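Input: one structure, supplied below.
Which chain is which? They are A, B, C and D, in the order written, and residues in each are numbered from 1.
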């Protein structure tokens, strides 16, 4: 018998995590961060797409318990990683974490890159655009909250630069990030948010553009100049009208081509109840 | 006359940012992000230390105005970058931003690495340890808020691993991050928070250790095992007693040596008033 | 007819990239970087694993040509992204890039995270460990070169700390990176390199460890202390004996638990011919 | 006497690093990486600027020695951090590292952000632009090599997009990186390379631009379109003529505004001797 692999001795050892704690400090969140894991995600068309997730899982810990059981987070994730993830499963997994970790409150954040087929606007040539997405869920006795997030690259062209210049206008890559608070009882596809974000810039972004396409997006952007302020307002107007949302935060960040820093704008909104 | 450098024509152009907006969407934050700038920071000993800051500045924007004046953020920062920064100046600069940008609310975040002299625990040899710090200020008609933040590297040694093993115990580098909400009327040095964070791990971290020092910190860590839960509780107990703080968030993150992900714990606390 | 989508006008425009260049400066590499793309990768067991690749593709450009055709890189990648990637396909795709871009030399680098099933050493519980891998290929009239790279997390325990301390020893997460130059005519699985790297540390790393497993790896690491120098030497000895390799570079980097910086060692080696 | 702080016991312990090694594997590089340290750097105007350096230091290690002395790297750096760094001091410090570490070969890389005063092109308003720079030195019995590196942000405007579009042209932020191999006997200021890089884009970048300046740089960029291929060729032509250089590598990377990936070109060149 290899003494290293015998499990007996541990029965005699103290289970340090399970010890009582007397310091009187409850812990809001304790868990794991930065775990990379492969799992499938549900797409709007009903297909499942394999993604590489970066995962953060946590529970609250009573003031009376010294430590949580870190290994159970990974066990739970592994158990749930077989079926395609969507908002409903995200909440169900988070509920399971609370139960398995014997905690009143659990939280899960799962980020990944989703790839969407894009066709160049004139040539129609196909390519895949990666878009950073995330689900965040919180489950507690009194609440179940779900946030769906996307971060979409766009081209933005400066209205001021266009107006004040005899020719040309500075433009750049920007990112439009939406975090939407969703009613757990309804379904919201990631692609629904991506569409809104993508429409808010001066022009969409494509991995593959031939010369006819490049001409098209160049003039499309020049025809639709937008400040970061304009971008977030357009998104806000659109999202306010989506009754599935309980609220949202939208942020536009331009990697300014005339500076080595970004211009940023954000709007936060809660539906009145 | 070079037509490019003549300023006259612009008088005829529309000032697009200054135009009215009719969409009815107020903007919570609009400004700049990721600007790197050199400036001095006040240290506890009264000295000023030159740092390289990463700066984010923003104002709120009324629903009636189309855009803000991005260049004024940089002008204001440049004007304030001559004198050593501390909490009081941070609030004063943020107040100035609100005024110059003609906005009811302004926000500033300035992050930098502060270097502190460290002496190895036995040999006494000196070296400098860089610690990430930040000031965040918000100024509005009804409020002035200041947050002081530090992120301190420590060694942490796992109590469970020590208890269940016949010899050895896994340990790793961890980071203890404190964000302290400070009464604007009182002074809190960055080093005051750094001291609290550094004392909460199993052993401090030093850039320079000779063999006698390495022996010391190895045994010091083995003698003081601490979960991330223990670390944040120790910090929380200490900070609750500091009457200058209105509240705080503390987070401990261990870059686990036995995993390729982190263990994390956090506590948030507000003083009752 | 939408003038924006008509392709006719472009026939009248100059194709600027295709213009001759008179500056007399040949370009070593021109292409794309940072493109994220989904594709399958071949595993040792014959299965294909879907991964998210980060892609860099380039060709050399004659002194006489002004520009390359950037869109053809993405077109080629998209065409090759349907079948599982391995070294042979990597070289074939790079050869295709040279042909389609009309260049004498092409280069491709594809990095991704491969997930391998791991079983905890005592409990046997399963989980998946992500390991960063890459293929680099260069194709020119006179050469075809293929490099296979892996970067594997391990636990490392300091021999000096163990020796000089009455108890305990500092340990930490480290990464062992191998870049192996491979004979294009033979097959080398990524997992073959991962096995060598993983065996070189003080203990392997697992996403999921129960208490019996944590006891095991704690003592396993204490029993096998290794400096970064030891790690790269062990890997070097092992790889020299693998006749499929024409050479290699191995680097071990420890995220020191007693410092806020890394310890690093590397060995480069070429087989004599 | 505190047993933890007594230095005596160590005399009895083995100095594990100093032990002989019998595996027959010489180590190319062993040392430290990612150490952040404050130090002054010499500017072209004779002033010294305080910077925050990220430092990598290494030596080669004979096949016969088990380990190097990691602490001596930090000691040496601390000793040299008092006086302004330039190429000559970089080589002298690296020579000192080889001596103190008792090694035939030493290597040092020091990266930092240098801030240069910029005046907006029309309004003349001042601000500071941070530019990433680095020194790399290698010292061995038969050689002393020094590389000076800069990475400069610029605006680049696409010649193809301008040509094929009826109006507008996509443009973006780009970075021009030069690594210049310098004759150790001559002096080359970082600013000399920065000037060359900055002149190669479509327009320079400024932290602070008023509307008259924005008009200026918008039209300046439209008047000087440049592919990444053009940028590196212009730099190459300029640098070939600088007799202080023994060779160089130049790379231009555009963060394409119409894609979510970069366009990149590079030229490497060695002076014939």
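Here, a contact is a pair of C-beta atoms (placed from the backbone, for glycine too) under 8 Å apart; a residue touches a chain by one contact, two chains touch by 3 or more.
What you see is a predicted model; the values in this text were computed from it and never measured.
Seen from the Cα centre of chain B, the chain whose own Cα centre is farthest off is C. If you compare A-B with A-C, the chain pair joined by more contacting C-beta pairs is A-B.
The distance from the centre of chain A to the centre of chain C, each centre being the mean of the chain's C-alpha atoms, comes to 27 Å. Computed centre separation for the pair chain A/chain B is 24 angstrom, with centres defined by C-alpha atoms.
Each of residues 9-10, 15, 35-36, 130, 160, 164, 207, 209, 211, 215, 219, 259-261 in chain A touches at least two other chains. Looking at the complex, you find that chain A touches chain B at residues 9-10, 13-17, 21, 23, 25-36, 56, 58, 61, 66-68, 70, 159-160, 163-164, 227-230, 232-234, 236-237, 253, 259-268. Of all residues in chain D, only 4-5, 7, 9-10, 15, 35-38, 49-52, 71, 74-75, 78, 81, 113, 115, 121-122, 125-128, 130, 207-212, 215-216, 219-220 touch chain B in the complex they form. Those residues of chain A lying in contact with chain D across their complex are 129-130, 153, 155, 157-158, 160-161, 164-173, 203, 205-207, 209, 211, 214-215, 217-219, 221-222, 255-261.
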